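Encoded as structure tokens, the structure appears first; notes follow it.
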Amino acid sequence: MPLTPEQQAEIERLRAETQPTRRATVPALEEILYQPVPVLDHGFVRVIDYMGDDAAVVQAARVSYGRGTKRVSEDRGLIQYLMRHRHTTPFEMCEIKFHVKLPIFVARQWIRHRTANVNEYSARYSILDKEFYVPAPDQLAAQSTVNRQGRGDLLQGKEAARVLSLLREDAERVYASYAEMLNEDETGKPRDPAKQGLARELARMNLSLNFYTQWYWKTDLFNLMNFLALRADRHAQFEIRVYADAMLKMMERWVPITSEAFYQYRMGGAHISEKGMAVVRRLLAGEKVSHAESGVSKREWTELMETLGRDA
Amino acid sequence: MPLTPEQQAEIERLRAETQPTRRATVPALEEILYQPVPVLDHGFVRVIDYMGDDAAVVQAARVSYGRGTKRVSEDRGLIQYLMRHRHTTPFEMCEIKFHVKLPIFVARQWIRHRTANVNEYSARYSILDKEFYVPAPDQLAAQSTVNRQGRGDLLQGKEAARVLSLLREDAERVYASYAEMLNEDETGKPRDPAKQGLARELARMNLSLNFYTQWYWKTDLFNLMNFLALRADRHAQFEIRVYADAMLKMMERWVPITSEAFYQYRMGGAHISEKGMAVVRRLLAGEKVSHAESGVSKREWTELMETLGRDA
Amino acid sequence: MPLTPEQQAEIERLRAETQPTRRATVPALEEILYQPVPVLDHGFVRVIDYMGDDAAVVQAARVSYGRGTKRVSEDRGLIQYLMRHRHTTPFEMCEIKFHVKLPIFVARQWIRHRTANVNEYSARYSILDKEFYVPAPDQLAAQSTVNRQGRGDLLQGKEAARVLSLLREDAERVYASYAEMLNEDETGKPRDPAKQGLARELARMNLSLNFYTQWYWKTDLFNLMNFLALRADRHAQFEIRVYADAMLKMMERWVPITSEAFYQYRMGGAHISEKGMAVVRRLLAGEKVSHAESGVSKREWTELMETLGRDA
Amino acid sequence: MPLTPEQQAEIERLRAETQPTRRATVPALEEILYQPVPVLDHGFVRVIDYMGDDAAVVQAARVSYGRGTKRVSEDRGLIQYLMRHRHTTPFEMCEIKFHVKLPIFVARQWIRHRTANVNEYSARYSILDKEFYVPAPDQLAAQSTVNRQGRGDLLQGKEAARVLSLLREDAERVYASYAEMLNEDETGKPRDPAKQGLARELARMNLSLNFYTQWYWKTDLFNLMNFLALRADRHAQFEIRVYADAMLKMMERWVPITSEAFYQYRMGGAHISEKGMAVVRRLLAGEKVSHAESGVSKREWTELMETLGRDA
């Protein structure tokens, strides 16, 4: 993982200090506060700060004077009720802030979630490090032949080797050009005194989309779940899914009861259309139903049968 | 202030407990955490939770690995720079949650600030208490004759007395009807066993807009400042301004450096139009400028002269 | 419906004029443009403006150079796919603006949908008309005994009569006091020259929540569907549902293909939890499943059986 | 500009058709509807749709039954008043939709404006064209020595030539690798039948940030002005400013009265801090004021003197 000794020391210093607080506090999340969890070849995600806990969801739903908790079992029941009936505002009462290092093409997907606060490292202002993403061999997938935005089998042998070498060589080259155009050494002095150096805001355009950037990203628990429901889904691109997976584990530490309800009612549930439900009811009544009479598209039929655990 | 002994006990219990945390902590805000500050005749505002501090603004602006602080003087300089140049995202990295008790007509203005999270006490689900706002005599103002949405002189004598008695009697009466229609006593049993009781979601419509409601309201520091800039302004209606004033003091405890910059560059500053600036430059050059040649409206001219400390 | 002859004439004047436009145009919606549809006893909703049509959803999903339409059947297939997979952004590309007259307690529910643009009639600036909502006898429901935020049987006989008379008399009275406190006649002159008149921003607080207000409300098609999915649902309070029902019909005129998909995949569909799906699969496999072994709450079990068309 | 004959034909077909509409219509904007305005070397911006006009701002501010317009002079006065006092919601009642082709590094700045609707061309789903941005010689600027995120003098002679050739060669190379890794010809068949072809969602990461993407971008007039105030400002990066400049002209066609007020009160105005205003007042009173006694930073002093048209 790409931390300098200075950065690691800074993180350790923060972790070593505690202060007393009257706020709702979650020991399981405190345990990993500030610690980067490695993701991909040079990335990470770490929790920087948080506000609220499971009880804060209950407290807001009840607009109560104390903390939410009456008894844990009652709180669990209420949270499951809220999740099942798609309530949103009580979950907005918790907030979390992450520091993330991620490839630019992943950042471009991520930023589409607009209900969040973001501060990104500025390549207009500063110089990016030479760190770029190259897929591990077990992720070097061919284009799917059935899904235009999916992956198929792994590339093998020479083709795999060729792709990896193209990715590496091109990234090395665009970074070398970037550095040459900037004409700055590590101390900010000109490498070649005869040159002026291209403006940073221009030079950065030569970098490819697998270079790493980083940002602070803050959102509330409801919008975090929207993000995770989409990005931890098996249809999400692998390179963003690994971030979502790491963040799911952090969410479990933070709000275990909400997380359980989230798995039960959102990640693990199924949404079935009106015609799909008509099919289910007929099947339950012992009728045979064919795709032809279902009124749904071939694709929906296939997905429905899969959901129901039946052969299409 | 309208707290039952049970509510006060619950607040005291929360205030008595502290937990260790690795998070950024602000002792001056911890001091007043959970404590209601009285506002108007039955309302209050209190801080329930917060995330981040002045250093978190700096940390996000720099996308740094440690806390924001290098040295306090540098942090102050950066925060003032960010405020002066209307940067927004670093201030979004801090979050605060309030519990507010407020008249419904104030809630209706407040809710127009959309970039916030809200959970309101539900009169569809529960029964509202008999608490309504009646202005103090020093706020019982006549309609302004110069500003259609402002206040003029205070009402006096009989007219004042009549207004106060109408407000009180009508509120008493609509609440009595509300209670009669609901037909529930404090334990939830029918007052009159021969009656069914009107649905709560219907009965509430009989209450007037000066009845108190309450909510949890959570927002980030940037949007809090937008709220305060508008609602702590002298043109804001008194009944919402008193809430904003109380919250300004809480903000000073929370983020003193940001608050200082907020007063300097937003609350205390002036925005002058292009034509207004042309007037200022000509005045500075020693010219005389009349309203006629300024090209601005009479009203803008008056405001400009006031801003410049000159006679219109 | 509460339109003055002047207002009706203004609406007729607008409806009489047409202009040529190169924009996407929907004749079925043009037909009812500006026309108020009556809702409740004094309210209405009318479409003031719109942007885009079904083809605009397709156009945005494809980021195409022309209009969306290839062939209607292909467009329908794509829109159903987008709806089924919960895509959001293509539906945000259409926009609609309504003018709504509604009771204040309905407005207070409605405004909770934050992703919309609103301009409300200001009772701080202007004087509200004497128009208040009184439920029709077939809506005068008792409090539900099974659902704390629902309605039970209709009130009957004397109790119904008493409630109606309380609602009417209280509204008459608070308005009379409002008018007296304002001390303005219709031309803006003092009723009683010896009085100053209370500021409008204060006097309005005496009105009850069943008085009518009005606003311009503008949103995109995706957020309109979120609003309608919640407010046209049978669990929504009747007084907001009637607005949602009227708006659903307008949406059908505007974007018929999207509306069809909306009914099929959102309004008409069912969301079943992970444990619920396990029950469904076991039932389909011919097993008997009891609530006890399902692992879901009693309430979820009842709802599930209802969804599946089986006895609980 | 990068339109194929098919695309141009599609645009011409749309422009040739008109339909009658009852909606507010703006002939000056209709005139250029759908027409791409070239920006940078391969980009463009064009208006696809719009809703509302200057009168719609007035209509919403007044919550009126007809169109906004009473008389143009009154409407202008009201719009200037709204702009001067920073009203926001009436300007949200107009909506506009653009189709934009732009380099990815520009798109990354642009997307930070969150209150907008976006559908971007998906390189996960489709293949990007070989089109990349190379600055014209009069924009090939050195890094500023005074402003870390600004441009200094133009690069000259050999250094300029070297930078241009690096940018071109690297873009050619990364695209060639992209095409090789994809292994698809224009008809979607494999170039080399012995290879599988890398998944599109992976191959795209090899492209550099100066490649062009495109999107539909829709926002309301208030948020459009926020975007333009920031991006048409002289401190904005040239490559996004040219888009903002083109959009400003479109806005002038669309809402001329609002545009005039926007220039007068936002683009052309000045915001002066509390201490800055104290300086102005002392200068107007004939006093001499030095930076030392002003209490503002050196940088703010310099900017203030510049704003006032005086030597620092």
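In order of appearance the chains are A, B, C and D, and numbering begins at 1 in each one.
To be clear about the criterion, a residue touches a chain if its C-beta (ideal position, glycine included) is under 8 Å from a C-beta of that chain, and two chains touch if they have at least 3 such contacts.
These numbers were taken from a predicted model, which means no experiment stands behind them.
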{"item": "Between subunit B and subunit C, the fewest steps along chains that touch one another", "value": "1"}
{"item": "A-C compared against A-D, more contacting pairs", "value": "A-D"}
{"item": "Distance between chain centroids, defined by C-alpha means - subunit A, subunit C (Å)", "value": "34"}
{"item": "Interchain centroid distance [CA atoms averaged], subunit A/subunit D, Å", "value": "29"}
{"item": "Subunit A, residues touching no fewer than two other chains", "value": "89, 112, 118, 122"}
{"item": "Subunit C - residues contacting subunit A, complex", "value": "77, 80-81, 84, 86, 89, 112, 263-265, 267-277, 280-281, 283-285, 297, 299-300, 307-310"}
{"item": "Contacting residues of subunit A [partner subunit B, same complex]", "value": "3, 7, 10-11, 13-15, 17-25, 27, 30, 33-34, 48-52, 56, 59-61, 63, 65-67, 89-90, 92-93, 95, 97, 99, 117-122, 214-216, 218, 220"}
{"item": "Residue ranges of subunit C touching subunit B (in the complex, touch as defined)", "value": "103-105, 108, 111-112, 114-115, 118, 122, 124-126, 133, 135, 139-144, 148-153, 155, 159, 162-163, 166-167, 170-171, 173-174, 177, 180-182, 184, 195-202, 204-210, 237"}
